[in-house]
Each structure stands twice: as C-alpha cells, then as structure tokens.
Amino acid sequence: MRVAVIHGQNLRLLGRREPEVYGTDTLLDVDTLLADLGAELGIELETFQSNHEGEILDFVDEASGRVDGFLINPGALTHTSIGLRDALLGVDRPFVEVHLSNTQARERFRRRSFLSGVATGVVYGFGVESYLLGLRGLAAHIGG
Amino acid sequence: MRVAVIHGQNLRLLGRREPEVYGTDTLLDVDTLLADLGAELGIELETFQSNHEGEILDFVDEASGRVDGFLINPGALTHTSIGLRDALLGVDRPFVEVHLSNTQARERFRRRSFLSGVATGVVYGFGVESYLLGLRGLAAHIGG
Amino acid sequence: MRVAVIHGQNLRLLGRREPEVYGTDTLLDVDTLLADLGAELGIELETFQSNHEGEILDFVDEASGRVDGFLINPGALTHTSIGLRDALLGVDRPFVEVHLSNTQARERFRRRSFLSGVATGVVYGFGVESYLLGLRGLAAHIGG
Amino acid sequence: MRVAVIHGQNLRLLGRREPEVYGTDTLLDVDTLLADLGAELGIELETFQSNHEGEILDFVDEASGRVDGFLINPGALTHTSIGLRDALLGVDRPFVEVHLSNTQARERFRRRSFLSGVATGVVYGFGVESYLLGLRGLAAHIGG
Amino acid sequence: MRVAVIHGQNLRLLGRREPEVYGTDTLLDVDTLLADLGAELGIELETFQSNHEGEILDFVDEASGRVDGFLINPGALTHTSIGLRDALLGVDRPFVEVHLSNTQARERFRRRSFLSGVATGVVYGFGVESYLLGLRGLAAHIGG
Amino acid sequence: MRVAVIHGQNLRLLGRREPEVYGTDTLLDVDTLLADLGAELGIELETFQSNHEGEILDFVDEASGRVDGFLINPGALTHTSIGLRDALLGVDRPFVEVHLSNTQARERFRRRSFLSGVATGVVYGFGVESYLLGLRGLAAHIGG
Amino acid sequence: MRVAVIHGQNLRLLGRREPEVYGTDTLLDVDTLLADLGAELGIELETFQSNHEGEILDFVDEASGRVDGFLINPGALTHTSIGLRDALLGVDRPFVEVHLSNTQARERFRRRSFLSGVATGVVYGFGVESYLLGLRGLAAHIGG
Amino acid sequence: MRVAVIHGQNLRLLGRREPEVYGTDTLLDVDTLLADLGAELGIELETFQSNHEGEILDFVDEASGRVDGFLINPGALTHTSIGLRDALLGVDRPFVEVHLSNTQARERFRRRSFLSGVATGVVYGFGVESYLLGLRGLAAHIGG
Amino acid sequence: MRVAVIHGQNLRLLGRREPEVYGTDTLLDVDTLLADLGAELGIELETFQSNHEGEILDFVDEASGRVDGFLINPGALTHTSIGLRDALLGVDRPFVEVHLSNTQARERFRRRSFLSGVATGVVYGFGVESYLLGLRGLAAHIGG
Amino acid sequence: MRVAVIHGQNLRLLGRREPEVYGTDTLLDVDTLLADLGAELGIELETFQSNHEGEILDFVDEASGRVDGFLINPGALTHTSIGLRDALLGVDRPFVEVHLSNTQARERFRRRSFLSGVATGVVYGFGVESYLLGLRGLAAHIGG
Amino acid sequence: MRVAVIHGQNLRLLGRREPEVYGTDTLLDVDTLLADLGAELGIELETFQSNHEGEILDFVDEASGRVDGFLINPGALTHTSIGLRDALLGVDRPFVEVHLSNTQARERFRRRSFLSGVATGVVYGFGVESYLLGLRGLAAHIGG
Amino acid sequence: MRVAVIHGQNLRLLGRREPEVYGTDTLLDVDTLLADLGAELGIELETFQSNHEGEILDFVDEASGRVDGFLINPGALTHTSIGLRDALLGVDRPFVEVHLSNTQARERFRRRSFLSGVATGVVYGFGVESYLLGLRGLAAHIGG
C-alpha cells in the first residue's frame, strides 16, 4: 500500500505559526510520526508540501498513478479551492482530509470545506494526532 | 483511564437501517470492536444507548464523576440538541464526536453540528472505524 | 393490513387546546372515527400517544415488525425532530403525515417539516378529517 | 353539491410525462376515477384543463357562481402564480390543493406554494389517489 | 394626449373581491371616474382588462404606436412578471404604476414589484383615488 | 381641513443637491405650489423642515392636536427611523408618504421604508408633482 | 395564588456548570430564595426540574389544572422546542420566561426563543435575581 | 445609590399612543411609581425624556459622573441606535434595558436590540411593571 | 432532422426594443439567418413566437411529436416559468437555450434560469449569433 | 485650502471610553495634532463635534460654502445614517472617512458603512494617526 | 485574426476524469478539433494549459499584445478567481467563456462565474462542441 | 526599520489596466514614489510583485525574518485568499492593506476582504497616494 501525504498552504510555518492554535510541533515532527506509523502499518509514504494551489493539482495528477490514496491537510485551500476538489475527484483515488485545529470552532469562513463532501473520511481537532488517525482510517478503508 | 461511549438516536437500528449509508454491522459489533481496542489501549469502557435526549443529558451528568472523557455518536441529536452541547460543556470533560457516515455529503440539515465547535476532536465518514479512530484520539488527548 | 397511528406532542390536549385552531374533538373522538374507518377498510389499528420524542422513536422501532405502515401526526416534532425522520426511514415502512390545521397558514417556523420529503403522502388542513383521508391514502398505497 | 376540478399546466401530458414521477395514468383516467367517486358521494363535477394562467383565472371567476368549491392541481403555477391565489380568494369559495407527486421531495423551487396558506386543505404524494382524497376532504368540508 | 389604462389580473372581480381590502367600487366605476378626469384634463383614454399576461404584452406592443403613456394596475403580475417590465421598457413609453391597496402593508411577497424601478412614478394605497392621482401624475409628466 | 407638511433630512438642499436626481426646484418652490393647491382644495397648510429626527418626532406630537393629517417626505429617515413610524402611529392621524425620486430605482438600501406599511398612501417618482398628488390623495382620504 | 416553577435542561448542574456564566448558586439555593419570596408575596409554589422535553410537556399539561401561572427557565429548550411553546399556549395559563445569563450576549443560536413571543414577560441577565424578578412580574400580572 | 432613568423616543405619548399595546398609564404615572419604589429601596432617581438620540447621548455622558447605573427604555432607538450602545459602553456604568410591550411578539424589525447584548439585564412585556422590575434588578446588581 | 425554434415574450419587439441591449436586427432577420443555416446543415425548421406562456406550453406539447429538438429563447419566461421547464422535460426532447444579451451582466433577477439546469446546452451574449451557435450545437447533439 | 473636521457620536468620550479599543488620547489631543499637521500642510482647519445627526447635517450644509472638503469620523453614525451620506453627496465636496479602530475587526454591524462607497478615500485602524493620514490624503486629492 | 485558447485547472485530466461528466475526448482531441476549425475560419490559434492561477494571469498579460481575443475554459477557477476576471478586463480583449458540462446542472457552488458578467459570450453544456461554438462566436464578434 | 512592499495580482498591468479605475501611473511610478518617501522616513524598502498566491505566501514566510512589517496591495487576492491571511498572521508581523481604488464603491464581491480584520490599518481610495499613506501609517505603528 502506498499513500501520498499532502501538506497545503502555510504548513511550512508549523511550530512557529500561532502556537496556541497549531501547537509547537514542526512539519518535520509530523512527518517523522507519520513515517513511524507508516512503518508499523506497512504503508509506503511520500510527502509533499506546497503553498501553490497549482503545484498541488499537478502533484495530485502526477502521483495518482503510483499511490493508493491521499492523506491531505490542505490548509486554507480547504475553504477556497474547488480545483483541488476537482483534482481529487478526477484521479479517482480515496483521500482523507485532516486538520490540526478544530476548524468548526474558529472563524465562520473556516466552516465550509470544498473537500469534506467527497472525502472518504475527515478527522480534525486532535493536533498532530489528526494526521495519525487519518492515516489509520485511510489504511483501513483501502485495506478493507 | 475510563471512557463512556454514548450511542444516540436510532443507533439501536444499526445493521437494519439504510445499510447503503450505515453498513451492516450492528451496535453489538461496534461495542465488541471498541472493547477490543479499549483492552489494547488500557481503557475501561462503559456504553450507553438511548433515543431520549433527556436520558442522555441525565447520563452525561451522572457518569461525569467517574469517567475521564466521552466518545459520542449523537445520531440526529447532533443537529438539533443544544441541551447536549450544554451538558457536555457543563460537566467539563473532554469528548470526541464521531459519525459512521460522511455527514457533509448528505442532506443540508446534517451539515451543522451543535457539538463540533466544543468537541476535542471530530471523526466521520469511516463507518465503524470512525468509533475506533475516535477512541484512539480521545485516549491520546487524555493521555497527552 | 395493520397500521400504527402515532399522535405526537401535545395531542393529549386536543379539544382543550386553542379550539379556534384545532377544533373541539378530543383525541378519543379521533381514535373512534379512525377505528370505524379502519373497520370499514379492513385495517387493524393500534394507536400511540406520547409527548416524548424518545418514546416515539422507541415505538417506531418496536412496532415496525408488526405493522405495514404508520399514520403520524407528530405535532411540533414535525418541525424539530430529525431523529423521527431517521427512525421512520430506518425501519423502512411507508408512512403518511397528517395535521389537523393548515400548517402553511400559521407561523413561519411551522412551514418546514423534516418528515414531508420522505413521507408517502401528506394531508393537512381538514381538521379531524385529515386523519381519515390519511388513513385512506395509506391503505391505497399499501394495498396498491 | 357541485365542484369544479381544475387541472393546471402540463397535466395534459399525464401518462407520457416523466412516468417515474407522475405514473402512467392519463388525465382521462383521473377524470374517470373522480367521476366515479363524485357519483358515490353525490357530487356534480365539472372539469377544466388549461396551460394558460389567464384562462384559469377567467374560469375561476366564471365558474364561481355555480359551484360550491374547487379541487385544483395547479401544476407549476403552484409555485409562480400569485394571480391564482388572488382569484381563489377573490371568489370566496373553499378550495383544496392536490399534487400527484410529493412536491417536498423534489427541487427546492417546488417547496413553496402560493396557494397552500389560503387553501382549505392540501393533499399530495399519493399519485392519482391525491385527487380522490382531496375530493373527499372538500366534500366533508362543504358538507360539514 | 392619449393614454392607455391597463387593468391586470383579477381586476374584473373588483367590488366583489375581498371588499375589506379593495373596496366596493366596480371596475366600471373606476373607468367612469377616469373618463371624467380624462375629460377634465383633455386626455383621450382607452382601457383594457385581461387576466392573461400574454394578452397584456400583446396590447402594450400594439397600443404603443398610438398612445403617449400607460396607466397600469397589473394586479398580481406586479410581483411575478418580468415580461411586463420588458414590454413596457421595450416600447419606450412613460408609464405609471398604481395599486388600490397599500401593497407594502400586506403579504411579504407583495413587497417586490418588477415594474416600480422602471416606472415614471408609483401611487398606491388610496383605493380608487390611486388611479386618479396616477393619471394626473402621468399627465403632468407627459405634459411637463 | 388642516394638514401639516413635513420635509425631512436634507430637503433644505433642494435645488442645489444632485439636480439630476432631485430637479432644480427649491423647497420654497415646493411650498408655493403646495400653498396654491391647498388654496384650491380648501386646505389650511403648515410646513415644517428639520434634519433632526427628534425635532420631527416632537413636531408630530405637538401638531397632532391641530391637524387632520400629515403629508411627509422624510428624506433618508424613510429608511432608518422606526421612531418616526411609531410617532405617526402614536398620534393616530392619517399620513401620506411622498418622495421626489423613484426610490425603487436607486440604491438597494432605499427600497425599504419603515413608513409605507402604515401610511394611508404612498406617491413617488413624479418630482415635485409627488407632493401635489400626495396632498390630493390625503384630502380625498380625509374628506372621503 | 399558585405558581409552578419549571427548571429545564441541565439546570441540575447549576453551581457546578460553567460558573463564570451561571454563577455558583445551586438549584437548591434558587428554590430557597423563591420560596422566601413566594411566602412574602403570598404565593404557593411547586417546583419541577427535568432534562426531558416530554416530561416537561406532561407536567405543564398535568399542573395546569391547579396553578395560576408558570415561571419557567427552559434551559436549552428555549431555542429548540416548539412543543414547549405549544404546550404553554395549549393550557392557556400566563407564563414568564427567565434566564440566568444574558442570552443575547452569547452564541448566535441562543438569540432565538420559541417562547418569548407568547410569554407574558421575559427577564434575563440578572443571575438568580432573574427568577425573583420573574416571579414578582408574574404575580403582578395575575394579581393585576 | 443613584440611578438615572431614561425614557427614549415617543414615550411622551404614553397613555395616548396605541393603548392596546402600551396601556393607559402616562409617563407621569410611570415616574411616580418609580419614585415610590426608589424611596422604598433607598435609591435616588433622576429621570430624562427625549426624542433626540443626540440629547440622550449627551445625557448619558454628562450624567455618568453622578450615577451608579442607568435604567433605560430607549423606545424605537433600541433597534436603530448603535450610538446609544457605544455611549453606554463608553461611560462604563451598568444599565438595564426595559420595554413595556413584548417586543418579540411584534414586527420583525423590533426583534433586534443593539443594547441587549451589552446590558446587565433585560426586562420586557410586563407593561409599567417592567420598569419596576428593571429598577429592582439594577439595584440588586449594583448592591450585589 | 427537424427542429422547432421558439421565440418567447417580447421578441416580436426585436429591432425596436432597447437596441443598445438587443441590437437592430428584427425577428425576421433572425429567422432568415436561421433558415439559411438550417439549409446548410440539412435541418428542417419551424418557428413559433408567442407572448403567452400557455401558448408556448401548448406548442411544445403539440410539436414534440414531429421534431427532434427545440431551440428556444424564452425571453423573460426564462426567469419566471417553471411550467416551461416542466413542459420541455415532459416531452422528452433535447433543447438548447439561447439569449441575445449577456443575461449575467444585467439585473440580478435575470441571473436565474429555470431552464438552464435541464437544457442540453446554453449559449448567450453573442447577439443574433447566439441563435446560430445554438442551432449548430443542437444539431451536433442530435446528430452525435 | 480649508477643511472641516467633523467628530461624530461619542467622540467627546475619547480618552475615557473603552481605552483598549480607542486609546488614551483625548479629542483635544487629536485636534492639536491635526492643527499641527494643518499648519505644516498649509490647510486652514475648523472642527465640529456633535452627538446629534441633525446637527451634523446642518453643519455640512452650512460649512459647505466655505470649505474645500471634509474629514469625518462619524462614530456610530457610520453604520446607521443614510442622511449623512445624502448630505455629503448633496453639498458636492470631497470627503475622507476615518476611524480610530479597525472597524472590520469588531462587531458584525460595524462592517457596513453608508459613507465608504461615496467617500474619496477611507483610512482606519491606525488610532489617532488615522486622522492625520486622512488629512494628508484629502489634501493630496484636493491639491492634486 | 489570432486567438489564444486557455485551458484552466485540471483540464489536463480530460478523458480520464469523471467521463460521465466530461466525456472521453482528451485535451489533445479538443486542440485538434479547434485547429481544424481555426483553419476553416482562417484563425491562427495558440493554446495554453495550466493548473496555476498565477501562470494564467501571466499568460493573459503577455499574450494580450499579440492576439485579438481569448477562448477560455477556466475549469474551477471560473467560480473562485476574481484575479482572472481582473486580468481579462485589464488587457481589454474580447473573450468567450466555455464549459464542457452544464455547470448550472451541477453543485450549487458552480452556478456562479466571476467571468460570465464581463465575457463577450458564454457557451456550455455541449461537451467538446462547446469549444467549437465558442470559437465561432468569438470569430463572429471580432470579425463583426 | 525595514518594510516589504507586496504588489499582488495584476498590478503589473498598472497604467494600462482600466485607467478610469486605476489611473495612469505604472507600478514603477508607485515604487519610485515609495522609495522617495522611504528615504524621507528612514525606511529600507524591498518590493515584490507576483500574480501567484503561492509565491506571495512563500515570500511572506521568507521575508518575515528580515523585515519589521509589510505594506500590501493584494489585488484580487484580497477577496479570495484565506491563505494570505493565514500567512500574514502566521509570521506575526504588522501589515497595512492598501488599495488604489475605493473597493466599497465597486462590485459587491469586492466588499469583503479576508485581510482587513487582521490588519494593523487599512487605506483605500486615494489612488497611488494610498500606498504613501499606508507606508506612513505602518511606520508610525512600528515606530510608535
């Protein structure tokens, strides 16, 4: 089983950015935890970060031929990118949407996700643990 | 660590009810899987099911003295009960909200949850796996 | 053919409650008229009244094994209970929704019914006659 | 007792038009069933079909002098014609609104009826049976 | 100066229809009063009544060649007919919109007029006097 | 018969203010034309102008004992003052609302009037002629 | 004079629940203060608490025969229960709605009350004092 | 303890204005009853009435130095004046908002108050008694 | 291949009506251009114009037996007629919707079309060319 | 070059009022800083403060003959006064709108300004510096 | 005549992506068909595809100097990019918007296009034929 | 003090693009004026332009380590980019938002800015002067 992990807009700032919202773990910490869990579950992982919507669309297209699913934290693109929704639908792979923070407890414009309605499953609010739960859920779905 | 699992409205119908939406596992199957995972993680579990909003409020009040958190699938009360939100806030225990189906991919009136904004974390769309991921997330939160 | 008649919130007050809206017949009068029509149409009837949403959900679940359909006047639950909609969908039996008054001619919050969109048919505005027409319609649907 | 039955826009297509929504009975079948029930209940019936809002307004005006009530399925005019509401209010005769399909289970723009709030009663979702129940309800109202 | 007076939907019912809203004058009374005022002001009048939106559009087109303006009470078409707005704009003649009743004091759906924003002027709420004031206003506008 | 004419906010600017909207007549011109028509109709007039909502409320209260009705162009208070509505309702005198311009053809926030729904009648869009038509309409109403 | 005091959802948690919002008085403290004031004003009181909407509807029905009015703090049912509104209207007794906190200063979904529009009077924001003021107001109304 | 009582727009009309809504007591009656209760509770009162928003803002500013709180019935300014909200917040004194009528049972535009969300407490619907309850509540708050 | 061309409300005014919006070609010019293109593409055309919604519904019904598709510019009925949508769906023939002007660049009420969501394709904004492109598109669809 | 500075509702409270929002400078401090900058830029200034909308309208009218532009902080009138918009448009002088606080970061009802859409320019969020930037901007506009 | 064809987000997936919505032609097929039609009509074409909003803005800027118009299928950017609208307006070249699918028959968020209101014309719903019709329309417009 | 100036989408078109809205100055002119003012105020400036949201996010991240604040005109990203808001919040530097045109006087979709609510201050409507005022305001804030 092979899974691509996508970190969207501003996730490079993790650990520095609004730590009372996002915690103090860095993106490297997240990737290390995911790698450990991937190893435990027998999943090959590749990770990708970009602040560019277009690069993420390109990546989804290109990676779709070699992975069984996507684990994605789109950052702010969650709420603004219909293109990302179309790309994920277009390549016909299961994907799981995760968020570090509880997006329903923040600004009103974060309540709407263009992805949730077409995702396999959604996990949010658990900090870095959201990624780990999401990977487990995706593995269960693909393996199921 | 001790956790109360609450199954809300109509979950008694699980396995019989709209299987294309909710799958064929019964509530007993869910509880068995949760018990196994609880044992693995060292969590004592108690479970409660009711179709009555009032009974669930009573239970939250009464159980709050002996548990460290709640894992709750409120069923349709998710979208209608402010009282449940108030009860969970009132007893000051962390709780995780889970749903079997992808509530964002269904009717419009299922998009709003009175609980999500005050939950520790939220998991939905993975079928029975949603409960297991939710329990892991709650355990990580309490244990963390 | 066997049909369960459900009288929801506050219907116990019938005859006493806002007679300019609901008329002077009591719930007993309604049940007598229904019994007569049931006898004429060869339908076995059982009736149930409760002010408790949870009790009605329990009843729908429990009765669904022995009846061919439901005739229901949910009272105010019409406008507030998604759980009732889920229960009726969950047991997979046809049901007819009836109201004594013309709910479209009253307060704005009575305009929306969570049941109508999934009902076999809907009858309202005819006073007690609404129940009788609803029973005929349900019988025709089941018998048809 | 004399009742005018009005079939509004596109009902001439009945039997040919979207049979999965409207069934395979033709307008002639409907009128035959109504005639039989009218005879049984001792009601003189006259029927009128038009795709023209203006012709229906003219008919309501002209027929109002000789009938005790109207049974009307306005078709799409239900959702667009305030003139029809005004005409029926203006001639001061009771009327019952019926629909073959469950209008609440279809497109959003079919949810609003300009007639329901001023009708004696409303029946929908029972297919052709809606007309028969509507006629019974109207008769009970006039006779009551 | 020549003016066409258009009476729209249901105005034929005037005097019989909801007299507490529309008064007891008949359409003939209105036309007589208008004729008298027209004579006083030196205006040639022709009047037209129809319940058919299409006939009114045809009339606007056909009459536009011989009149200097229109005085129109569209009845319920006020709130539903964009075609009437387009016709009146299309023939490029000034028109005045009048209503017997105070349309802002009635149902919410009567608040919006598709004509008012493109009318020369609007008069409502004065009963039959609304027509007379409207004719004076139109005459002043054309003559001005 | 005695009528108070109220000119509301910014009407002192008339003739100087946005002449393409309001024309070149001054407030004095308006008052002269009203005086002439008042003389013709046998109406005693008094006029009042203020930019202060409070002064207008005081005036309505104080003048109500000596006049039979009000002719009012509230200016921008039309859209913002519930107090003016309450004052006019409170003194229980008929009043007519007039506007020089066609308020429905301008900014969206000019579409709503707090007065129209409780006015005897409304006239707008005819320029200065609106006042004259309004006075005629008020006289007809009081005299009628 | 006899008054029933109803404490709705979650009020059993008072003193423990979000003390920065609801204060530290317990429900027993509230009832003691009410009893003292009742004695002073010569009012017989009975009190009832339930988290179950249905039980409160049953109580309103049953108690209505022996009391002159209701003093009610519905808790979260304020915002969700049309059935409670119907019950209180149905038994035709005056009632006063009270809240400890200022419900208008909290979440948006607490702004709407299904009861306020049919209550005799409403008091909120004074903490426990809200109950005492409400009882005085109810007594004045009944006694007045 | 010293309290300023503010009567806002149109309250001078009390006793004359819409007595079916506001009752027959005059403003003098209200002030007399308040004076009596003030004497009983040991509160010095000063009262102020104005129809001018600006005068009330000036008064709030000027009086704030000598009073411990405000009791205010803003009349229609309740629904339109953000300036009044700002003034009361700006002088940092507790205030209680009262209304004679049940504002939630009237026009839709009376449902929103710019003051309620920042008031100490709110009382409405009890007629003149609303003022007395409000004064008691304010006294309890200041004294508490 | 046979196609019916329908010109809806006010299109008879073409060439005279708001030429800055609709251009100076007349309906005859449009029909001539369509005839030429029809000849080129081997399509038999028949054309129909009416200002009457009812006549268009009748025509759709009657013509549907002899044509392979419809090319329709409904005029203002685009935005108001659900009956037209129902008729076109009811006869089960492909249809293409065209407009001369760019309806998205005009008044807000022209943005919604009841037809577009069920049309084969839509073309607008190209003036008379819109008809020609629409005919080509319809031919490609039917022929494809 | 001559500029009138208008301070609207509650600005007299500056320095005392919610200092965490508005800072500790008084209105006198603001005027002193403006005078210094005016001297530097060669602008004659006059300043005006009022809590009365009407007085500000009067001032705009009266001052417009002698100034080249207005610098205005309307306070809460920003969000409620259409009359102020009309006055500033009516006198045909450029004006700049300024706010001390960031009005977009506060309550929802402060988001809408009736002035911004017709202002030359808008500056907010810089505290007292907003006035100085606004004056520079106005000077550049008038001088440019 | 020279035209630039822009294929926006995800169009590279054409032929693979949701074929029930978008058909089985690839982007290469589209470009070949366009080239053939371009040759027939004497139009030089250049084509550009990108998933990056920024790259498309850059291209519009850069190409605008050498082309007479744009033919654009923006993909999901249709609904989210105001920048694309601004770029096309900014370079002042006519452009035609095309879509393969009927965007009005899909999700609600696809109903709004930021481009349509400023486009020369719009074509959608005809599959690949939409591009060909769009090119014809653009050529007619430029050539006209 | 060091400040980064960011020019967002389409600002490269300045001077060519819609000159009636944006004026005839080019981006080079803007940068020259900013450089002059920067020199006068002792501020080191660096400037950045991109049409790519992702590049701007990258730049904000990378530049944040070496600057004291940002001066940003996001162009159309103002209204669509939540990612830009998150980036600016995430690097925890003050920023000022500027616009050349009066965005409140243009299309409705330009009224909402995702940045304004978290900006230090906002300046718009003064043309190129907006940048200069914004730089002064930012300098005062940082220096203050």
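Chains: A, B, C, D, E, F, G, H, I, J, K and L, in written order; residue numbering restarts at 1 for each.
Heads up, the rule we're going with is that a contact is a pair of C-beta atoms (placed from the backbone, for glycine too) under 8 Å apart; a residue touches a chain by one contact, two chains touch by 3 or more.
What you are looking at is a predicted structure, and each value in this text was computed from that prediction instead of being measured.
Asks: What shortest step count links chain J and chain L in the network of chain contacts?
Replies: Steps on the shortest route: 1.
Asks: Would you mind naming the chains that touch chain H and likewise touch chain K?
Replies: Touching chain H as well as chain K, we find no chain at all.
Asks: Could you work out how far chain I has to rotate to sit on chain K, using CA atoms and steps of 5 degrees?
Replies: The two chains, chain I and chain K, differ by a rotation of 180 degrees.
Asks: Have a look at F-H, I-K or C-G and name the one that copies the J-L interface, over half of its contact pairs being the same.
Replies: I-K
Asks: Take the average of all CA coordinates in chain D, do the same for chain E, and state the distance between these two points in whole angstrom.
Replies: 31
Asks: Taking each chain's centre as its mean C-alpha position, how far apart are chain D and chain H in Å?
Replies: About 54 Å, centre to centre.
Asks: So what's the Cα centroid distance for chain G and chain I, whole Å?
Replies: 62
Asks: Can you list the chain L residues in contact with two or more other chains?
Replies: Residues 52-55, 80.
Asks: Pairs of chains that touch, anyone?
Replies: A-B, A-K, A-L, B-C, B-G, C-D, C-G, D-E, D-I, E-F, E-I, F-H, F-J, G-H, H-J, I-K, J-L, K-L
Asks: Under the touch definition given earlier, write down the residues of chain H that touch chain G in their complex.
Replies: 102, 104-105, 113, 116-126, 129-130, 133, 136-137, 140-141, 144
Asks: Within their complex, state which residues of chain B touch chain G.
Replies: Residues in contact with chain G: 52-55, 57-58, 61, 80-83, 85-87, 89-91, 114.
Asks: What part of chain E is in contact with chain D in the complex they form?
Replies: Touching chain D: residues 9-10, 12-13, 16-18, 50-55, 75-77, 79-80, 109-110 of chain E.
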